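The following blocks contain the structures, represented as structure tokens.
In what follows, subunit A forms one complex with subunit B and a second complex with subunit C.
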Partner chain A sequence: MEESIIKHIEQELANEEIEDGLELTDDLLGSGILDSLGMMKLISFIEEAYSIQVAPEEMVIENFMTVESICKYINSKV
Partner chain B sequence: MIYNLVQICQNSAKEFGHNDAFRYLNEVISFNDLDVKSSQLAKHLYNLGIKKGDRVGILMPRCLETAIAVYGILKSGAAYVPIDPFSPLERAKFLIEDCGIKHVITIPQQIKKIKKLTLKNKNLTSIVGISNEEGFKSITWEDVFKISLKNYVPANILGEDLSYILYTSGSTGTPKGIMHTHNSALAFAELVVDLYDFKPTDKVANVAPLHFDPSILGYFSAPLAGATTVIVSDGHLKFPVSLAELMEKEQLTIWFSVPLVLVQLMLNGGIKNRDFSSLRWVLFSGEVFPTKQLRALMKIWPHAIYSNIYGPTELNQCTNYNLYEPPIGDDTIPIGTTWGNTEFKILDENDNEVKEGEVGLLVIRSATMMQGYWNNIALTEKSMYNLEVAPGFMHVYYRTGDLVKLNNKGELLFLGRKDRQIKLRGFRIEIDEIENILLKFKGVVEAAVVLADLKEEKELIATVLTDKNSKISTKDLEKHCNNELPVYALPSKILILDAFPRTSTGKINRKEMEKIIKP
Partner chain C sequence: MNFSLTKVQQQLKSDFSEFAKKVLNTSIYERDKDLSFSKEDWQKCADFGVLGISVSPEYGGYKIKLDLLSATLAMEGLGYGCRDNGLPFALSAQMWTVQLPIEQFGTDEQKQRFLPPLISGKKIACHALTEPNAGSDVFSMQTSATKVDGGYILNGEKCLITLAPVADLALIFAVTNSKLGKWGISAFIVETNTMGFTVSSNKEKMGLRTVPIGSLYFKDCFVPEKNRLGKEGAGWSITNHSLEYDRCSILASQLGAMEYQLEQSIAYVKERKQFGKSVGEFQSVSNRIADMKLRLETSRLLLYNVAWIKDQGRPAMLESSLLKLQLSESYVLSSLDTIRNHGGYGYLSENEVERDLRDSVGGVIYAGTSDIQRNIISKLLGL
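After this line comes the complex of A and B, so read on.
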């Protein structure tokens, strides 16, 4: 799961090429890796790939700050 | 008497020293600390040979250090130039070269970008905010904060000195550097404090990034009143639910942002279940607030007063329109009247004043007006309207390029940008008018119309965002447009999108939009 999300961000969503690869704990929000549109696309990707529904009240910083927190969130749903 | 921006920091330190000056997430800096730390940065810059008129870059995302950087650079006598860390490297490189920046202030998280920039810009000689690396000189924040202020002599800064340069996005060509003096920035800061009655107990939200002019309110007006500025993080702006939580937790009293952030808060932030009783002013600028959205928001927060603020970066801002009750009807709300120390004229194409109530181009004369465009005297002159009022004495107005007219109450109505008036197959079409028609349809949240170069001919393409709960089809919208618009102004295609591409300031990125539209 971690790898496929990282790959998707690196190849499809990142604003700029991420040198040295994206780390599990890299801040996706404050570092400029993803803009608002990119984040929405990432949420759609996660919903489809893991067959989950991200409820509006779950769209919060704590769940989407890093790839690590995203995976933790997905695991809590499936 | 206050005549420069540095005195804001010094005076508030004397009067409200222990109050919070800036807050960011769990970090906080008092006025006392801000005064000391910015002086330490100023001394460091002074030791590097910084002198009046020099430009120092700030490459930072929203963070607490931005406040120290802003006041530290100003105290050194230099002007600050914000560089958006999220913009492409080429743009940062352009800015650094265009205004001859030798020193950049940053935070450790930006090290990768800084390394690339120093390789590309030979003139960039030193960096503040990261540890020493090969190839360029640098100093960490920790070491800056160890600098002794013994023998520190503050620079003698006059009101007419350059204070900052903000670059336009360059959506219509090369980015332009807008130069403001201490006078023009301070005039704006003071007007805001006066108009909205900022108090030392206020908590003011700073939503805009440093390179976007609404930040002048958060970084100067609030400290001038001894109020606390809460810097909203990039993360919070991507998640309305988190943003609503922050607003409630911080007990914000004054809000200032583009309408978009408020619309997203209302639609996706779950604000009905939270306590926003502390909020007394909701200020917005930058784009037109769709009236039906504004009315809906005003019904959720009825206790606050709302103010539509208008003005290009060249003027800081220049007019406002306060709303105490939700607007009736869906007409666009006025941009209101010019505020203190400001006057306007409405001119036709030949610079003659139009008759009362007629449409024309707005020109503004104000104490908050820029000095000019950086290194571009020709463009500065072109953007000004000079009126000789007495032999050898000129009144200088800035040409906003915005189409306006006065209503029967003497309030200004914004009708769109002159350059958003297009000609298609010989017909004159107002892009804004088509967008307003689309917005009138129930369930349409935002609309953007672009003139796209498809195949041989230019075509009008409309794109909209809709409320998730409404089931609007493009057919409904086509029918609605058929009823409301002349045939020549009908979009040839209407697309319902999930999201719009945005600039870093939250405005719709129309250049990128064209790419999405093109198959």
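After this line comes the complex of A and C, so read on.
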């Protein structure tokens, strides 16, 4: 799961090439790796790939700040 | 995909249209000139149930819970029947950018406290996001909310806020943690008579002049914690959540207005005689009518498609940007074409044709400019 999400972000969504690759603990939205549109696309990708529905009130930092938190969130839903 | 409307949906659209035609179209020419907001018309809309279409019946919403396509059709009907374009615009702003977030993100106490007075028309609310240095780049906002015992202290300024001068409440977005970037923005529901909160007078603008617009200023304005909407840092998701709903509703009333323009144009060019025949028989005029019809129907398909996708519980990022771009730009073109169809008669303000053009221009700026929509579309296409 972690590898798949990192690969998708690096190849499809990141604003710029990420030097030394994306880390599990990198802040995706806050550090500018993703912009708002990129984050919305990532949420769409997660919904489709893992067959979950992300409620609007769940789109918060605790769930979507880093790849690590995203994976934890997905695991809590599936 | 099936765009056949149910009888209930057809009736809803027709009811809203008839309501608007019968009770809303008075003294718009004068109010447009003197920038006057009609609280009376706002109340008539509330009494009819317009403000309830975005909210569940349990909080005072419309008698039945409407899906987005049905709510969109209702607003299309309202836009068709109402000659005051500002009114549906302002109603949409409150319904989808204040009421919807409160229902989606609010606590039970917040829903019970804030939604019924808004839906009944007793109170008016504005959505305060834009700042002098944060327009399209809205998350670079500077208004701050500093945590203190029992709440937050707001400092900063918001501008270009629809309904601000007449609002009793404001949904305000402010930075609660600047180190967290977009995750550091929170939303607060604040009464406009709160100490440290001041509101500017109405600012004169090109169109939509029956709806007041203004600035909000916060100087050490204390907001209790119970007035924060959603979790701390939920500002980004609150904004994104309401965006596609708001677009459908605002654009639906514009679509209704475009349909009215087309019918008005056809009737006029048939009746108006020059060189011994109806001007509609001249190909340059009839082609223009055909273009208006094409813009209307392409816009309608895009609108219904976005509403349908949202009703399936799916995101409509690309589709809603295509819709916003196409419909708002089409409304400007159709408004100009309507003036051309009416000739000199259309150019005179007293005949109430030219006002639509002035009203339409805001649509290519607010809720994401056409430039931004093109950026989003091209980015979503992988560029």
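Some points to look at:
Heads up, the rule we're going with is that the second predicted complex is superposed on the first by the 78 of 78 C-alpha atoms of A that agree within 3 Å, B and C clash if a C-alpha of one lies under 4 Å from a C-alpha of the other, contacts with A are read in each partner's own complex, and residues count from 1 in each chain.
Keep in mind that, in the parts below, contacts are C-beta pairs under 8 Å (C-beta built on N, C-alpha and C of every residue); 3 or more make two chains touch, one makes a residue touch a chain.
What you see is a predicted model, and the numbers here were worked out from it, not measured in a lab.
Legend: residue contacts after superposition of the two complexes on their common chain; A:G30 is shown touching both subunit B and subunit C.
Of the two partner chains placed by the overlay, subunit B and subunit C both lie in contact with A:S44. When the two complexes are overlaid on their common chain A, residue A:E57 makes contact with subunit B and with subunit C alike. Residue contacts after overlaying the shared chain place A:E19 against subunit B, while subunit C stays out of touching range. Using the contact criterion defined above for the overlaid structures, shared-chain residue A:N75 touches neither subunit B nor subunit C, since it reaches no partner. Across the superposed pair, subunit B and subunit C both touch subunit A at residues 27, 29-32, 36-37, 39-40, 44, 56-57, 59-61, 65. Put simply, subunit B touches subunit A in their complex at residues 61-62, 85-86, 88-89, 109, 112, 233-242, 245, 268, 270, 498-502. Listing the residues of subunit A that touch subunit C in their complex gives 27, 29-32, 36-37, 39-41, 43-44, 53, 56-57, 59-61, 65.
Of all residues in subunit A, those touching subunit B in their complex are 15-16, 19, 27, 29-32, 34-37, 39-40, 44, 56-57, 59-62, 64-65.
Per the touch definition, subunit C reaches subunit A in the complex via residues 104-105, 139, 179-184, 230-231, 233-234, 236-238, 240-241, 313, 315, 317, 376, 379-380.
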